[in-house]
Amino acid sequence: MIVQMKKYATEKEIKKLVDFLTERGFSVKDISSEEIKMFGVVGDTMNLNVSHIEAFEGVYKVHKIQKTYRLASRDYKKEDTIIKVKEGLTIGGGSFQIIAGPCAVEDKETMIEIAENLRDNNVKMIRGGVFKPRTSPYSFQGLGIAGLKMLKEVADKYNLVVVTEVISPEQVDLIKDYVDIYQVGTRNMQNYPLLKVLGAQKKPVIIKRGMSATIEEWLLSAEYVLEGGNPNVILCERGIRTFERYTRNTLDITAVLAVKELSHLPVMVDPSHASGKYEMIEKLSLASLVVGADGIMVEIHPHPEKAYSDGAQSLKLHKFNSLVKEVNRLKKVL
Amino acid sequence: MIVQMKKYATEKEIKKLVDFLTERGFSVKDISSEEIKMFGVVGDTMNLNVSHIEAFEGVYKVHKIQKTYRLASRDYKKEDTIIKVKEGLTIGGGSFQIIAGPCAVEDKETMIEIAENLRDNNVKMIRGGVFKPRTSPYSFQGLGIAGLKMLKEVADKYNLVVVTEVISPEQVDLIKDYVDIYQVGTRNMQNYPLLKVLGAQKKPVIIKRGMSATIEEWLLSAEYVLEGGNPNVILCERGIRTFERYTRNTLDITAVLAVKELSHLPVMVDPSHASGKYEMIEKLSLASLVVGADGIMVEIHPHPEKAYSDGAQSLKLHKFNSLVKEVNRLKKVL
Amino acid sequence: MIVQMKKYATEKEIKKLVDFLTERGFSVKDISSEEIKMFGVVGDTMNLNVSHIEAFEGVYKVHKIQKTYRLASRDYKKEDTIIKVKEGLTIGGGSFQIIAGPCAVEDKETMIEIAENLRDNNVKMIRGGVFKPRTSPYSFQGLGIAGLKMLKEVADKYNLVVVTEVISPEQVDLIKDYVDIYQVGTRNMQNYPLLKVLGAQKKPVIIKRGMSATIEEWLLSAEYVLEGGNPNVILCERGIRTFERYTRNTLDITAVLAVKELSHLPVMVDPSHASGKYEMIEKLSLASLVVGADGIMVEIHPHPEKAYSDGAQSLKLHKFNSLVKEVNRLKKVL
Amino acid sequence: MIVQMKKYATEKEIKKLVDFLTERGFSVKDISSEEIKMFGVVGDTMNLNVSHIEAFEGVYKVHKIQKTYRLASRDYKKEDTIIKVKEGLTIGGGSFQIIAGPCAVEDKETMIEIAENLRDNNVKMIRGGVFKPRTSPYSFQGLGIAGLKMLKEVADKYNLVVVTEVISPEQVDLIKDYVDIYQVGTRNMQNYPLLKVLGAQKKPVIIKRGMSATIEEWLLSAEYVLEGGNPNVILCERGIRTFERYTRNTLDITAVLAVKELSHLPVMVDPSHASGKYEMIEKLSLASLVVGADGIMVEIHPHPEKAYSDGAQSLKLHKFNSLVKEVNRLKKVL
């Protein structure tokens, strides 16, 4: 941590700050020049609060250099984390997994049609929302626990793993028997009570990036789950909000590379939400593969124009078939 | 709603769409020109889903014109909503109220010192967090329900109203006896399970704007509470995330004016989070007053450099005294 | 400047970097802790290039602490700069000046109507664009030098100062006899050839903030003009681009406060471009006044619906009269 | 164009607007419903100004549906534009070209070293800046015309095409004999006087995307050049500014797909500026290839830690060799 002082900070102000820091076991090194008065704070400053230090009189600005997360960092664990979803199915460490399914679980026939398609494509994980965090209270809010049971029944029949979104801490207990992977959506990336409950679970948790979150904030959300005792965290880039409105969001493909440098955790990509346009999904999936993502999460639907939500970004099944084929072809080459 | 077709949309594609819409009671008017093929969808399109219509083959883009919220809109209710907090204390409709207190409730002596100061300034509402949504799991997470009881005790002694943040639906029941106004923080603006629970309460709810939320999304969050049956919603602008890093956030003062046009709900300003700098709070408060905000929510602390959180943006008590004096002076003139 | 090394940086890599820095006269202090290897670079690092140092092997990240601008900074000059526009007319140092006029100069009658109105309101500076930087090549591009001569003629008649936008370095010579204050628009804030030419002039230059520029970048643009020898720089906040689309831009009122801390230069506000809505201009003007801006720049027009550009944000003359009255009333109180 | 009226717009206000539009040859269709009063304006509304119409009394908001650009649009020209740079060298239409070179031209030996490397890699186009638009006036501003002549001499020797940035209209005449492709940088995307001069040239122009420009604004900048008579426009995505600071910018890979849909013009990617980190360049180049970009523009340098600028994002020559090899390998597969 670097503490930059105001130009006219007094000796007394400086002493008060230095005393505070040394009493807490830090050593303080003067690295001032003629132009600027500043100190290096030496020690484990991870939990030293910037705003706290900036509240001292005479302080101009505090620059935090040390990372604010630990368990999620590549410094803490050098090798890639590989998450075992079930016997013979892992995420991370070089494989490229596909999770697919409708935005929301609707009816059984549709789910069966989708599950068959996944099986035919050798895709092992089905997604489907039953608690939908919708911007408008008048939009379809999901089928709830009944929908999840239906999803689980279909998934079991086709030997698929169930991925579903959870939007409130008290839901975890309700749904834990029907879920293989919990998904935390973009609006809940900083829902800390939820993250704490998931930190006490054993099953994997996918944390989508908040729509205007920095990578550091995203890794801190992962840190909540890791610190709670659950090491099975998967990150998922799903597009960030930018000025551009032609696409629903902007896929931050660079974030995949950044996470791979900063963290040992697997990182997937959701090209459906990132673009909001089904025409773009296949190419964005291939881009995710070549930059080294650990997989993709895709919305598919047999009849997007009948879907209760997210129709415009849902891939028809025959287009999904083509996507899987292209991904497999490219995987072989890389 | 305007449906813009692709240049080469077929008659069959158009028919399928038009049939879908007319079957649902909408009338469809052709407003195409040589350059562009498009239709106006006439009827109550509020709940017609953009993504659903965009999923039809041949559709290029859907433009939603009608507002997506109803109860929160100025069209629905022309006069300003005035919220009665308790006998003799209202928010909205021309008064300019001040809510002040520490970021987090810490210890009783500090709370008393603050409460006395509020009383002396004729400020009626005290804030203090006990469930803190902190970006890092290693930061102070608040004193919980014990802290709230302490806050309530102090508030009662000084005849103050209690405002505190709630971050999870199951907390509402726990805290409802100790709270006069619920606060929904920026990270929970789209925590819909929480908003639904608050919609079933009677006490007022302050909804802070999400840090990169549009005004429409913010009003839709208010709509969740209104639609649930609780008409006592207060909006609070607290700064949005921008590229600028000199200040913690960027106060969107224009949003106050926009909300006043679009909605009948009161809107307050939080200059502490907006700037992150105590030196700016007084002037931003005055600016909020002149544009017509219904009040401010300010972080104050007798010893910011000892505060557990947000020290840099906490106003010392004597500076808060000056702020109140300046606000009162300006109020008289306007 | 702080140089943070990679965890596994070698002694040889460190030596190479340290040698490079010490050869250039800097001293290097080790402020590493167990968690993090880093060095403070002591000396005048203003012109030391971050990207240059980050290119050294073993370097993880460079944190520039020292300001990147000098002449524009409050450290360089403590007192507010007051710019003399002409005898008896200054900008900065506590006065609150108004510049007003149409977006574009159109015809003589309109200009006369506006000029008369300014005179009646005791406003001393008229603005009007003749080289319009329009997003579309098909939009009205301005009347050019002929328009400027007309503006000058009218201004002289009513004893007004002329403010006009310049968008290309070679225009400066063409227009310098007809202009009292040059305006650099948001799209040209980083047009460095233009800033260099203006640095060689004596007349004042208003630099509008780039629509997604940081305050530091903005001050660096001012630095170009100052460094060129022209001390008469006025900054103008005109709204930044954010996600919000209800208003054209978002007025960053906090930027006024930030500039006042960081720099000695005057800073004005353009509420017309900031909001894009004439209904908001008066209140945003008052907010600018109370936070301490040095004035406003407003678009006015007798018949906005006939204006060639920016009609929606142009104030009708009678509304401008009211604005001036309100500003004067508030000025008296502050 | 859709004109949405205020709820309480009067008959007189509506008549005034409708008359204005019909007098100009548009037909106006009423598509109001109970909830909303609005009109479709039928005709070629491309040049109808939104702000102009919004200035009419009673108008709430204008929604422009028709594209604002014509010559740049895919509707205007269905087939991909293929730009002939010289005999046997084209950009667009399926080839994937590489432009490489240093950020700035520095000295002859370095340029020769780079040029040899390009030749060995069968890369045909060399870039190098001589007029550098630097954020700080104290940073290296480029060698100017002398540097360009040196670049041209080296390029001729190795049979390379010269790409250089131009930052001011009057430079075009000075440099036209030494340049094969003009580059317009991110800060000059809306430098319209410059775009107009380039519209009168015959040689190709690369237009980088403004750092917070929308795709529509970017295409409108292309429209300036096209409308001026120069059909040889190449777009280049170079990363946009977002909240993320770990990378210099955020590569908007989705923009490549969007441009391919909206326009017939070729679009390249600059992974160096997009990420600011040399470690990311290779993978981002491969991603650009798989989504269908027409090429990349990369900064390379034999000794990045000695480069005058942009060292951190410059690829060493042996890493560039590897990039070219990987690109070629992947090209074969696709």
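Labels for the chains are A, B, C and D, by order of writing; each one numbers its residues from 1.
By our rule, a residue touches a chain if its C-beta (ideal position, glycine included) is under 8 Å from a C-beta of that chain, and two chains touch if they have at least 3 such contacts.
On a predicted model such as this, the values are computed, not experimentally measured, just so you know.
K.L.:
Does C-D or B-D have more contacting C-beta pairs?
P.N.:
Between C-D and B-D, the larger count of C-beta pairs in contact belongs to C-D.
K.L.:
With a Cα-based fit, what is the angle in degrees between subunit A and its identical partner subunit D, given to the nearest 5?
P.N.:
180
K.L.:
Quick one: subunit A and subunit D, Cα centre-to-centre, how many Å?
P.N.:
Roughly 31 Å separates the two chain centres.
K.L.:
Just give me the whole-number Å value for how far the CA centre of subunit C lies from that of subunit D.
P.N.:
26
K.L.:
Could you give the separation in Å between the centres of subunit B and subunit D, each centre being the mean of its C-alpha atoms?
P.N.:
Measuring from centre to centre gives 39 Å for this pair.
K.L.:
By residue number and range, which residues of subunit C touch two or more other chains?
P.N.:
Within subunit C, residues 46, 212, 241, 243, 245 contact more than one other chain.
K.L.:
Among line, ring, star, complete and other, which best matches the way these chains touch?
P.N.:
Complete.
K.L.:
Any idea which subunit B residues touch subunit A in the complex?
P.N.:
So the residues of subunit B in touch with subunit A come to 20, 46-47, 49-57, 68-69, 131, 133-139, 141, 167-171, 187-188, 190-194, 211-212, 217, 220, 223-224, 227-228, 241, 276, 278, 304-305, 307-314.
K.L.:
Quick one: which bits of subunit B touch subunit D in the complex? Just the residue numbers, please.
P.N.:
Contact set of subunit B toward subunit D: 2, 4, 7, 29, 31-36, 38, 40, 42-46, 63, 65-66, 75, 241, 243, 245.
K.L.:
Once bound in the complex, which stretches of subunit D touch subunit A?
P.N.:
212-216, 239-240, 242-247, 250-255, 257-258, 261-262, 274-275, 279-280, 283-284, 286-287, 289-292, 329-330, 333
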